[in-house]
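When the chains are written out, they are named A, B, C, D, E and F in that same order, and each has its own residue count from 1.
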Amino acid sequence: MTDFDPPTPYLRDLVARALDEDLGLLGDITSIACIDDAAKSDGAFVARDAGVVAGTAAAAEVYRQVDGAVVLAWDLADGDRCAAGDTIGRLHGATRSVLAGERVALNLLSHCSGIASLTRSCVDAVGPEVRLRDTRKTLPGLRPLQRAAVRAGGGYNHRDSLSDAVLIKDNHLAGASIADAVARARAQWPGRIVEVECDALDQVRAARDAGVDVVMLDNMRPAQVGDAVEVVAGACLVEVSGGVTLDSLPAYARARPDFISLGAFTHSAVALDIGLDVA
Amino acid sequence: MTDFDPPTPYLRDLVARALDEDLGLLGDITSIACIDDAAKSDGAFVARDAGVVAGTAAAAEVYRQVDGAVVLAWDLADGDRCAAGDTIGRLHGATRSVLAGERVALNLLSHCSGIASLTRSCVDAVGPEVRLRDTRKTLPGLRPLQRAAVRAGGGYNHRDSLSDAVLIKDNHLAGASIADAVARARAQWPGRIVEVECDALDQVRAARDAGVDVVMLDNMRPAQVGDAVEVVAGACLVEVSGGVTLDSLPAYARARPDFISLGAFTHSAVALDIGLDVA
Amino acid sequence: MTDFDPPTPYLRDLVARALDEDLGLLGDITSIACIDDAAKSDGAFVARDAGVVAGTAAAAEVYRQVDGAVVLAWDLADGDRCAAGDTIGRLHGATRSVLAGERVALNLLSHCSGIASLTRSCVDAVGPEVRLRDTRKTLPGLRPLQRAAVRAGGGYNHRDSLSDAVLIKDNHLAGASIADAVARARAQWPGRIVEVECDALDQVRAARDAGVDVVMLDNMRPAQVGDAVEVVAGACLVEVSGGVTLDSLPAYARARPDFISLGAFTHSAVALDIGLDVA
Amino acid sequence: MTDFDPPTPYLRDLVARALDEDLGLLGDITSIACIDDAAKSDGAFVARDAGVVAGTAAAAEVYRQVDGAVVLAWDLADGDRCAAGDTIGRLHGATRSVLAGERVALNLLSHCSGIASLTRSCVDAVGPEVRLRDTRKTLPGLRPLQRAAVRAGGGYNHRDSLSDAVLIKDNHLAGASIADAVARARAQWPGRIVEVECDALDQVRAARDAGVDVVMLDNMRPAQVGDAVEVVAGACLVEVSGGVTLDSLPAYARARPDFISLGAFTHSAVALDIGLDVA
Amino acid sequence: MTDFDPPTPYLRDLVARALDEDLGLLGDITSIACIDDAAKSDGAFVARDAGVVAGTAAAAEVYRQVDGAVVLAWDLADGDRCAAGDTIGRLHGATRSVLAGERVALNLLSHCSGIASLTRSCVDAVGPEVRLRDTRKTLPGLRPLQRAAVRAGGGYNHRDSLSDAVLIKDNHLAGASIADAVARARAQWPGRIVEVECDALDQVRAARDAGVDVVMLDNMRPAQVGDAVEVVAGACLVEVSGGVTLDSLPAYARARPDFISLGAFTHSAVALDIGLDVA
Amino acid sequence: MTDFDPPTPYLRDLVARALDEDLGLLGDITSIACIDDAAKSDGAFVARDAGVVAGTAAAAEVYRQVDGAVVLAWDLADGDRCAAGDTIGRLHGATRSVLAGERVALNLLSHCSGIASLTRSCVDAVGPEVRLRDTRKTLPGLRPLQRAAVRAGGGYNHRDSLSDAVLIKDNHLAGASIADAVARARAQWPGRIVEVECDALDQVRAARDAGVDVVMLDNMRPAQVGDAVEVVAGACLVEVSGGVTLDSLPAYARARPDFISLGAFTHSAVALDIGLDVA
């Protein structure tokens, strides 16, 4: 059960752009000059470090576009843990094609697996009762791919875009009360989730009373989060956002919000080292 | 003197895609519901951490596309150092427009500035006599933007794509001698740079004798690099690639190669924390 | 408070394609030949029939693209009712530009207003306690625009695409129990809405017990719908889908489901007759 | 003999966009979670109502894009009449793929067949001596597809875009005589058809004398059309446009114009009900 | 009276692609390094050779895209003759912008003017009674632009694409008679022009009797063309195609066909030398 | 060893656009009407004139897109000389598909081969010691394809775009000294080639002393070129540009610059006559 199967137009476009960027206008001029076009090779994607795998559908799409005759099989799926030295997948085909797709496939696998690995380590740190979510702090053009990697690491996704859900922040109030802003949003956008960002308990109370779906606690300390959870008392969901580090994550989790959201999953994950061994 | 001025079609497309992703099909539904379309605001991009600024042209393009009437002025330029609390740029315009572009502009600025900051700290660590270069280990669709950020941090760029230069690796030899491979590449692609990856001194000698432009030393220890530099003796340029960490960077630099290339600049840089203060 | 303000990349692309189609490769060759390029005109969008207005943002985008100097002001907004003869909006600018955008603007306004008018008449027929929703039976490329028109008519929107929510139908069960299918979906797609299509009461019970978010009653008669609503007893939401006509709508509404969804809003709405009077 | 065979880039793009819209960023998440990726199914497109089939090439393109391994065969071709219950086409392939393309294929088939059915009923009502044409009142992005459906129903096509032919209306005259306007158009656009819209007999005479190719009678009653046909006396073609309803169509036809054009074919056709039976 | 006014989506895309190609990913790096961004310049497009001007709308679109603040005025219009030294147009704006658009604007102007100049010299050679047409032998992506240039030179356009008109050649007959092929085409594509390629007089007679709109004489000598014109005797139009050179053009013209079509207009025109003088 | 193998995204897009342009919205309506969809044909690309072949990868891509089942084999490769009557390649497949791709494939082959043929004749005229280069005077959208054709003819390529290398001309100096301009460019764009255009010997000296990579001699006579080569004395490369004709080429070559660049290769090459024989 893999995301992007069959590949969506989004994934196809993303991969086409990445190949365009890496192949340039002429293609791999080194291979064109040096490698016989009848030569065949085997390749193996091998983890050089331990982590969680993600991005296999994107890597598969790379080879589908480069050369439909390359055969690719996966030993590990998105969400699986890998140790250093583990083979993630194997491919066979024209050497030129294997090499033409190598860098783009690795760039995709390494980035996605880096996100999944970071997410998984955070999810393990907080335990099953608090859900970790990503944010809109993603890299341009990569949001859906990055979000699939967050899920592969055990995380959850926040709203996809500004069109999906209402999230009222300070700047949206502009003097209006939370109750008024929520009412306007409900009237204009029936059927959408409404969330309100709060930085003090009286705002939390106002949001709860206005019947929001989620209260977002912005830059509160863990103790304040505990108070807010008590104030809400299950009337809506509670999300912690801002100022959470890997160190403070357990303390926040102990305050029992429904969600903690972390921008670092998508803006600061370190790539997982993965290589392609060609024989 | 800023890159991307006037904005190239590449930059416009990148920003359009990023906005598409973040605005979704309908736009910022929260602002549409809550903010009067005549309201105006001032905003300031403020660094929350110290680093090197990059990505200003991309952030400017965001607001050009969202609403051409937003006025944007920069206090700092690409390549400038910033301290925590420094204002990087200021904007004024319709509140709806200021908010509609906020997240995409910040995502671009933070990512580029993160790359520039990491690059600058490495460049400072090796001193002026060794040039640091990026690699093709970039994120899909972001290569030109990431490379401009590397330059803003004092780094240099490697070949843009597989079409730009010949780089002969083990897999390209397939039994042929380095001399033969270089000859075939020179014949097929007149006027291009030819570089050969070597992992032993005899390969370095062979490459030098074949008249390559650059020898790339793959995963050699600093002492081996010193030997190779001696072997080459200025007959061509020498590049170190693979296995270099921030810790080992100075040791490699002391061996005096012409270039050291680092994938981490573009695949593992941590975002610089930058926010938008709206008033 | 209008959707698509400022215009999203989706709306811009849709309008660009529509203009491309209507202007052809050369543009309005009749105007180029016959109309002085300095001539100016006033125009008025006038309803020739009664209904509900929608699509104003799209029509505005048409003129923004054709000629940014055309001035356009709206007398009526999306969701407003109009009588035959009412002026919906007024424009002023170069005659060539007014005419170049005329047909595309009218095609967009008429189609959207046709949808809003049909939706409104249905919404009025069922009263405020049952929500009417659209479906995925939309015209290729027009879904977001059509859905905004449904909202303008007082309707609600179903899932935007197959990626947004889980909707388990007969074909997805393939021998598995509803409980198993729901469990697999919850595990694979945490945080998404899960809906199950049912055509008998025991399926409704199974879905309710599996903890779904919505039960969809497929092609049931109004009396069966009443039974299902009783079975569910508020444990989840109930949606009626399939086989509902304008005639049978009130009978279904009396059974008090939460939603009734109607494909006709988007696949069979008749255009509202709107013209452009030029002076 | 089918239009769009092999599929043109236009058709491919239209279908790609429609799939993008319906699959979203991740694809059919319900099938990914619930259906084994090795499962196979048979499907049949079945008419639920009587009408005329159109859009088969578009539906075929849907499955070509979703999964090239799906096999699709048509029992009926564009232009064939179908009764309720008739099988239009059959397909076999991976269940996930069959379902992933279902809605888009049906949306295309139903819309096109609705247009063809309406056109055919009008063509049958006027008999073979008057040709019925569509107009530029089409839906954004769908014009070529809708026009193929009009032909499948026995209708004819008007100019494709503003670039194709000169059509001089009141707004183009702006004080000039018809003779002058026609002369300017002939000079500027040699080799193009020139048509003039007339709402009175003296305009018809002027257009005839100016040597136009077609006279378009705008919003005239049937008796006036008869007078105009007499005035023209075969010197050019005569087209009736505007104000024609299904009821008044025969009366207009009896006046023997060469063409009657009807916007309703493309802006107000009701979808033909077609379903996909999966086994 | 200029084509492409206002600029169509086709023209915008063509120019965007050309700029993308010439500016590359970063833009004019020389100007970014060397020219103050506040500097202003005047420029003049000057013919270095005599000819006929074309492509002004495309050159204008270049500057509209590079920098909307550049002011551009034309001394000459499409279709005007120019002598060496004549100023075609003048521009004023930021020096960086003037230079960023220079090469693309000149490439467009020179190519179009080269086509217009060649066409004009041929049109002058045959006199007003025979129309010269272009063919489908155009350069990829440039057809509409090239055809506008042919018109600027006094020529006429053939069918735009394979979708526009029926042109039956030997390969389409495949054993069928001309009468049968024409009948099938008329039935399948009502309302389209039907042309038949003939290489002998009996084929000309058959085509005439089948009621075609145009007979195309393929690779016939001038005397044979004269015979064919006599055979047709005005029953349809006669076109000469293939084997016509600038030398033989007058001889063909004297045989009085309706059209002579020449591929050289669009596949082999030499650029008109035009430069940009900057001050 | 062919460029564009496997085909790059650039080549795919170029061919897709060319097919879009030639097939139009419906495809080859003549073949749809007249040719049985089961009919098969053989075809041969045959040179009607002597020259040098180029563009085979583009022609192959045409048929890959039109119909993947068409089999295509090449008798000659890019860079091979052909005589009139020589078969360049052969294809077999559905007759409809063979004809649908014919014109676009021929347009590409003829244009590229025309460029290669002209380049080769110039290369032969100057001998092996001077390299001939193309310029940025290319046709919009065709630059990479044209440049591959130049290489097939034995020529070399200049910078691909304004982003690739620094080329300082008069307009960039604006009062600054060459030394200053070069210094600014080196600082802003580390690692790029810097070339300076000179029209007098003192500029040549200044550029040489500033340490540029290439001196471009603009519109100098052959004798002046000889002087400049002496002044430079190997300190950098010397390029001749502007005012070179086929007649004056040998005289320039005798002055021994490193490069002579010629715009005519790409803006004024005459198509090589190539046809498709179908049986």
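Throughout what follows, a contact is a pair of C-beta atoms (placed from the backbone, for glycine too) under 8 Å apart; a residue touches a chain by one contact, two chains touch by 3 or more.
Everything numeric here is computed off the predicted structure, so don't read it as measured data.
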Mutual neighbours - chains that touch chain A and chain E alike: B, C, D, F
Given chain A and chain F, the chains that contact each of them: B, D
Chain separated most widely from chain B, comparing mean CA positions: D
Distance between the centres, which are taken as Cα means, of chain F and chain B, whole angstrom: 30
Centroid spacing, where centroids are CA-atom means, of chain C and chain E in whole angstrom: 44
Residues within chain C bordering two or more other chains: 1, 8, 17, 23-27, 32-33, 100, 160, 163, 184, 188-189
Pairs of chains found to touch, sorted by chain label: A-B, A-C, A-D, A-F, B-C, B-E, B-F, C-D, C-E, D-E, D-F, E-F
Complex contacts: residues of chain F adjacent to chain A: 1-10, 144, 148, 160
Chain A partner contacts - residues on chain C that touch it in the complex: 1, 8, 131, 151, 156-157, 163, 184, 188-191
Residues of chain A that touch chain B when the two form their complex: 14-15, 17-18, 21-36, 39, 41, 95, 99-100, 103-104, 106-108, 110-111, 114, 136-144, 160-169, 171-174, 176, 181, 184-185, 187-189, 192, 263, 267-268, 270-271, 278
Interface residues, chain D side, partner chain A - complex: 16, 19-20, 23-27, 29, 32-33, 37, 66-67, 96-97, 100
